[in-house]
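Naming follows writing order (A, B, C and D), and every chain is counted from residue 1.
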Amino acid sequence: MGASGRTPARGPGGARPRLAVWKFASCDGCQLTLLDCEEELLSVAAQVEIAYFLEASSAPGPGPYDLSLVEGSITTPDDLERIRHVRRVSTRLVTIGACATAGGIQALRDFADVREFLSVVYARPDYIATLDRSTPISAHVPVDFELRGCPIDKRQLLEVVSAFLAGRRPVVPPNSVCVECKARGNACVMVAHGTPCLGPVTQAGCGALCPAFDRGCYGCFGPMESPNVRALNRQLRELGMSTPELVRVYRTFNAGEEPFRQASEDADPELLGHEKAPGEDRGGRR
Amino acid sequence: MTHKTITVGGLSRVEGEGALLVRARDGRIEDLELRIYEPPRFFEALLRGRSYTEPPDITARICGICPVAYQMSACQAIEAACGVEVTGPLRDLRLLLYYGEWIESHTLHVYLLHAPDFLGYDSGIAMAADHRDLIQQGLALKKAGNDLVAAIGGRPIHPVNVRVGGFYRVPSRRELAPAAERLRRAREIALRTVSWVAGFDFPDVEHGYRFLALRHPGEYAILSGALITSDGGSFGVREWPEHVIEEQVPHSTALHARLDGSPGYLVGPMARYSLNSAQLSPLAREAAAAAGLGPACRNPFLSIVVRAVEIVHACDEALRIIDDLAEPDAPYVPVEPRAATGHGASEAPRGTLYHRYRIDADGLIGEADIVPPTSQNQARIEADLRHLIEPRLDLPEEELATLCERAIRNHDPCISCSAHFLHLHVDSR
Amino acid sequence: MTAEARQPRAERDEPRPGLSRACTPVRPMTPELYRVRSRRADRVDTVTLQLVPVRGGCPPYLPGQFTMLYAPGVGEVPMSISGRASSGGYVHTIRAVGAVSGALCGKRPGDVVGVRGPYGTWWDIPAAAEMDVVVAAGGLGLAPLRPLVRELVRHRSRYGRISVIAGTRTPATLVYGPELARWRGNGVDVQVTVDHPDHVWKGPVGLVTRLLDRIVFEPRRTFAFVCGPEAMMRATADDLVGRGVAARRVELSLERNMKCGIGWCGHCQLGPLFVCLDGPVLSYERAARLLAVKEL
Amino acid sequence: METVVIRSLEPLIAELRARGFTVVAPKARDRVIRMDEIASESELPRGHGDEQAPGRYRLRERDDEMLFGFAASPDSAKRYTQPPSRTLFRMRGENIEEPEAEVPRVALLGIRACDLAALAVQDRVFLGGRHPDPDYRKRREALFLVAVNCAVPGGTCFCVSMGTGPKATAGYDLALTELAGPHRFVADAGSARGAEILRALPRVPAAEADLDAAERVSRTAAEHMGRQVDTEGIKERVAGAHDSPRWQQVASRCLTCANCTMVCPTCFCTTVEDSTDLTEGAAERIERWDSCFTLGFSEVGGSPVRGSGAGRYRQWLTHKFSTWFDQFGTSGCVGCGRCITWCPVGIDVTEELANLP
């Protein structure tokens, strides 16, 4: 995969490239990020034809699209079909956000019984069509690039869009949050006040926001390129985190990312008892 | 015999995705469904077993458009359970954060989603081709809201600085200064926005809405208060479960909320305005009067004016708070868990948002209930549509479909925040 | 060849600490603009570009050196100089493997690219005088070797036997075909082997090292220049050394990640070396130990 | 110029500011002592100390009036000589423009002997080679350095082992030793402009007793190093330890998070990032801090040369204590201890070195 887009994305005859934004199970926050580019929105719109973006326009243009941004995870049988359609009509497909990239918070159902979840919320669960897993887009169709974050970062979104338009590799460094944290000039919250932090195992991109606000990173950008969760877990325990806390901290918005899943299971192997049998297909990726 | 089906598939310019299905026979509507594709995400279920400190971050993810609202209702519900009340400068900061979200969310709706309806464009972006300065001014206003949320919360979507009891760190005056600067300009834009939208052409409709909103003795209620209704009812937040009942109706696509036994009430800007307009800031009241709004508003198409007025109020109040913001002693008040149930409600941009949590002595959540504004308005929106369509069934289908979309957008339904809308795939027979 | 190339090796290996030079007005990280003068597609994924400076002249280079080539807005990568452009500039042969190389390959005559350099060490051609010369290339390793061979051919009489052995994936992926033929006509033994023959290929199949049996050289009086994938270079150098060629007379050109080309970014470190400054051309005597350490 | 005694730093701060320097000095902020802009002596962390251990830093109250009663702060001079990121150039059409380098005129008040040694190392990296960095030179020349000799080394300091402290011996404009009872500073100038500034301040010549007291401060500090390293033959020892099983052991603890390289005052590695502007197709390149702990750092042909944590940790330690000598004729480590304190899991270079064969 990777994003070595060799030729810039251009529509036929040098027309403006056509952009589409799709939504699956999600909170809308990631696609809203596009509308939150207040200073850049009109320039983006001048460079690309925003051809399909239901949140913003009631004139959906027909496919094919040069670049599709996909938000949300796959949780229903219909969506399973729809994502295949999206892939067919898109030259390049980029997933935006933790839902699309890792299954999102709704992937917590993977650790429980979805029927039971249903009955907690709905009196008549039988009306609800849902899959028992929340899976990332890449579990169903090939993806050209995955942009992390819950929500994604606005600068990174613009970077990905402009990189795809210019035909270069997006500059989205997969290293730890610590690199950004130090560049920003934060004092490490773990070292300076013993606050547990997932920064060392989490991918950069947010600009080290949480430490800048005196709290530990909670991993909303998912695992960094070479996360040593075991080593971090030892330290987090030293700082006073209990086993259930450790399990919970990895089971939030990126629970479906393998290293985080692993980390939560490592933290408490016993918790595995009443969950799915090991080895069973987890519907994840990699 | 005429038989007519109107479908508006892929409802646009609403946050989230939905569709409308209307079946009519012989000039009468037989069936009207506002369909929501939003797949269920089970927040209430996945909150069980989590720590009482987690709902602000977790429930923010219900809706990327009003995450602060979720954080505020969640914090207050948990604090109520633990017997803590956040007051003074910390409460002021919360309000400030909330105003930021109001400005952002309302402006998004007014400029990019709703105004194009009145001016005949498909989108705000398309509108920019002819009205670049207008849209740019709207974007600047929106940015002022976002910047305020980011200055206090770290980022506009899913802010990181909110915790049960207050904040992780209190931003310094220096950090707030640029946001304040932008707000001053934003207030001017907001005023211009009111007169701009007041000049739109509005269909002459009025509905006999039954309104529900918070009321606070000292302010135009946003962060907290008690509930009041337009038919004179009032109750405390903790009595919510006795008054508002959510039902799953087989022939409907959503959990329908009933207020004191009957369905079809309305929350949101029109409700707030009609119940509390006297408490708006003087500047906002002036703007409302100049725009021709009376003390109440029952024409849903005018909701865009009400939103604009609320933006003025938010800018005005935010500036007032910033100007006399005191430094809190600590960024948060400690909140110790105890076995109890807590209720919290606040006014999200789209209306009253209620949370309830039962926690145990160790702070683990046993039960969570979240009632978002859109699910409360669902039945009322359908009723609006019926009224609107039935006399106009002869219109060309496309025109009718457009009208319906507009009528839905009047209520700015945020479908993704409907934590438990249904995807119904079988009709009732 | 410029006079510098004739300098003995010791003079180019000055110890750097303490060495200082007046600052140039232009930042060392800012490229000069060059225009694509001509473009030749060598294979499906490989092109040769002639680049000439948009203004001013271009600094002299020595065979083996590289430039940092910038595809505007896409990125900058190291590229060996594979010749001098006829009107004073550089020739680069580029294979499209990723974003930057792909963008460079897409450049057309008239387009502008950025160039910094030339950088790095060069083939020690003077040291090969009077000796048999073995030039071994794997794939596009032929690119930095091309100016070297041309230099050898130009002064053919200074050297003993000259052999060029080249390995390539398939007959179709061979670069510089016509030129190889010309070298052959100029007293150079040119041998080519392929990994995957097609139906017309009649030549040898397999690793480049197997060609060593097919050429003639006197190991004790031989100088070898090797460039290709690292595994190929190590195998070839080991083989040559095994046959009695002194390791200090075997030169390799190494590839490492480079972001600056001038020793600032640290990416190209190989133990004590910066490949951009101390390489890319290194004697096997120095390189063998380093390449033997995993993940150095 | 002779050594003098000054009573207060207020005149010095005022003089520096009058000469157009932004004065940057230690300040207690965010629960650490950090380098930050100050306008007056009152902003210095009087009565604050620190406690440093592997992976641990705590601010402590001191029961005296010392202004500099703590060890190395998380910030070194690196941020001012080599900013975390900078724009290299912009290209529009066929035009390349180089933005003026930002050259803050900063007086660093309270930097330590190890920091000065680190600046000397950086000078070799950025100015000593074939390709000196003109921007670095400008930034470097714009700095005014007021060193303070360490009185209370931290638990992770080992400058004595590295021969870089605790007393500043070169590379400063002014050097101060803080003395108590009465509270005063012994000051001497290390440059002409330092001497000039000193002459402008209210001062008295240092008495024998002052000099003795200052000497005692540095001697005591030298005796209280938190850590030590046996530097005998260290270059060869580390280089020869390629195959030690110790790398695997440390890799099982190392997070490959890169904090150590970010806080290290001499780590200089950077990467570049190219971007294009959506509006007008203008291209830009920035340079930013990078680290040998990232995977992209050594990526060739799509995969990293140093894929394992062990390989990356080995690169870092070997570079600092061995190959740095080959490249720059000096050690890459000045013994400031920052990498030990700020490693979130407390990996200790001195311990790792001691455990190598």
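The definition used in the following text is that contacts are C-beta pairs under 8 Å (C-beta built on N, C-alpha and C of every residue); 3 or more make two chains touch, one makes a residue touch a chain.
These figures come from a predicted structure and were not determined experimentally.
When the partners of subunit B are compared with those of subunit C, the chains appearing in both lists are A.
Chains A-B form the pair with the most C-beta pairs in contact. Averaged Cα coordinates give subunit C a centre that lies 40 Å from the centre of subunit D.
Subunit A and subunit D have Cα centroids lying 37 Å from one another.
Taking the mean of the C-alpha atoms as each chain's centre, subunit B and subunit D sit 51 Å apart. Subunit A and subunit C have CA centres that are 43 Å apart. The set of subunit D residues that touch two or more partner chains comprises 274-276, 290, 296, 302. The residues of subunit C that reach two or more other chains are 73-75, 97-98, listed in rising order. Annotation for subunit B: no residues touch two or more other chains.
Pairs of chains in mutual contact: A-B, A-C, A-D, C-D. The touching residues of subunit A, when paired with subunit B in their complex, are 23-30, 32-33, 35-36, 38-39, 41-42, 45, 50, 53-60, 75-76, 78-79, 104-106, 108-109, 112, 114, 116-118, 120-124, 127-130, 150-151, 206, 209-210, 212-215, 218, 220, 245, 248, 252-253. Subunit C contributes residues 73-75, 96-100, 102-103, 106 to its touches with subunit A in the complex.
Of all residues in subunit D, those touching subunit C in their complex are 88-89, 91, 94, 96, 98, 124-135, 137, 239, 242, 268-272, 274-276, 281, 283, 285, 287, 290, 292, 296-302, 305-308, 310-311, 314-315, 318-319, 322-323, 326-330. For subunit D in complex with subunit A, the touching residues are 30-32, 34, 55-58, 74-75, 79, 84-85, 252-259, 262-263, 273-279, 288-291, 293-296, 302, 309, 341-346.
Residue ranges on subunit C touching subunit D, taken from their complex, read 15-21, 23-24, 26-31, 33, 54, 72-76, 97-98, 112, 114, 255-257, 259-260, 262-267, 269, 271-274, 277, 293-296.
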